[in-house]
């Protein structure tokens, strides 16, 4: 047991009591060992191994449960049809494809994470083409013979994404993001078309006529917490800090600084960063951020295996 | 040509400032240390509460997230240990925001540096104990690949990535929020440029209180601002 | 929980004894308003934002609108909502999220004065009955409270509604095109009348009546009446929630005095709007020069 305290006469604490009374020094005692180790037994840059189960919710078009250690997040995706005529404020012609998904509100999250929604839009994860229900109007006598057939978008699929954290032991964001990705990957949308005679959208109930969503180069999120001994009451030069990958609940409470990196890699091996966030303290500098990004990129490779295999 | 700042516009709050950059205008007020709710009380330091009010509509999850980021930065800037079991309250009213046609994440990152600068100035105006000076800057990588500091709204449309960074006077990185598509090398270049700008914002003025030569576009606006304030406060002594 | 500090006995006694001699601490007459200043944003593309100052009291109002589906039971009406919040900007006594009595009262009075009196014609906000309509939303933020926030809020709201322009639209059968503000000139809102609020405070068992009380005067008062009316003398609402009982006939004189003040406020708003329009027309560099004029305080001494 990595318990750094000396036995004082009459004052002996169990490990758990030490952790509860003074969490900061407890963590510091672990990290200051010659081989730094965290109270949960992991090394500094070890992430927890994720497990993913998809398709567990029968009423949704797609679902996933992601477990990251003791943190568990469920995500369900329901698809509903949004008629083009019902859209109160249709966007103008020159709205680019990328912005369309955001403007029309086609991805509707619930309260859990503004960050998750914001990331979905920034990463242009879903292509609007997948969500369109289009209709090729038949040629009428008025059309000029050279014009191609007119394709009108009659409706869109709106995806209602419900994310629920069922167990929390630190780092819900990484798990939530992974759950959303996994759920979207497993989402099947029925084939839908516009029936001109009945003036409504019809869907096919056949399972083999469903189509999935195109999710290329999936971005993966990695969060780090930074534990620092610096404080206003001490000399700046005395401060020590450690970067902990994938913090659990105890570590999250004790650390005030966090870094989140969302990275993706396209087919050609070019790696890019979609979102980089760091706030809280002053211990992380440029070099440390670089190390975090490298760790995040390695983590991306780990996740690919789990997401595609699972 | 720095941001537009006006001193102490409000009478009810301990410290207040209006801060206008190219993209947004923010009215910031700081109150503290004041009495804190039992449930928020911390035994060894002051609690920090940030409230952000958008231009239109009520505050929602977006404002909650911005508040948590700003509060995290302010905890490194304030001397929390000087006033334990009290509350330091910062309110930020956005009076002009970047256009809502921009992507959500772009709008958020664009607001953050101004929110932080405005909060800091309001805290300084209110005389709250501060252990660091912080300056924040917004940088955009436009579609051509160039890096623009304090971009205009036009430059934000279709920008490849947007970065908001804040440094303190010791050169520590207090905040980095980036959104878009970029790689590590690009970020490191941007971080360098941001550090230079923030350092310049806090750079000492020469003897006459004049802007030093060779500084970046906005110059030592923060230092100038605080110097002017301090001089105004003792003006009565020099007049007599 | 921090509360606003109450005035000391010395302060309140001094105030009351001065009032008994017909004097106010800032040398105003008992029915005189403090200087009112009304500012609009200098950007010509921004409509519906006002910054009102009555003395040190400061209120900002922002109007925005979007297209929504109307309520099923009011198919021919648009939607108009007023959201007003007391901000911690005012001082440490305000807790966010928990509306206190003043905030509830403020919402109720603004609601009665402007929404229920149909100052804004909601039928004019309808685009296609039952399908599309405008939702006009007014957000009020009280930045500084030195008394008279009801009056200031109402003034800010009415001025902002007159300043605001909604997007233009065209209906072709079932198809609606709502034009962006850059494609077509946006259009004014249809206001049936312009209501304003006047607060009268009572002292000495209702024998002394004072208008436009400062924060100190408000904290020492025994009761108050808030009258909302327009310049035609039509009363929208009268609110006297508790407080010292006053002579019934004095209500009439209160309403009459309020009418004078409302006429003054209406003229002030009209002038400010005209000046703003003239400046925006000239545009360009002249704006920077002329904008100094907006900041000049408009003094309206009441004889």
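Read from first to last, the chains carry the letters A, B and C; within each, the first residue is number 1.
Basically, a residue touches a chain if its C-beta (ideal position, glycine included) is under 8 Å from a C-beta of that chain, and two chains touch if they have at least 3 such contacts.
Just so it is clear, the model here is predicted, and its values are computed rather than measured.
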Chain pair bearing the highest count of C-beta contacts: A-B
Greatest separation from chain A - chain, by CA centre: C
Computed distance of Cα centres, chain B from chain A, in Å: 28
Euclidean distance of C-alpha centroids - chain A vs chain C, Å: 45
Whole-Å gap separating chain B and chain C, where each centre is the average of the chain's CA atoms: 32
Complex contact set, residues of chain C against chain B: 1-2, 41, 46, 49, 56, 58, 60, 62-64, 83, 85, 87-92, 96, 137, 139, 141, 143-146
Sites on chain A touched by chain B in the complex: 99, 102, 111, 113-115, 117-119, 121-122, 231-233, 236, 256-257, 270-286, 289-290, 293-294
Interface residues, chain B side, partner chain C - complex: 9-14, 16, 27, 29, 31-32, 34-35, 37, 51, 53, 55-58, 89, 91, 93, 95-96
Chain A contact footprint on chain B (complex, rising order): 60-62, 64-65, 69, 72-73, 75-76, 79-81, 101, 103-105, 108, 131-132, 168, 170, 172-184, 187-188, 191-192
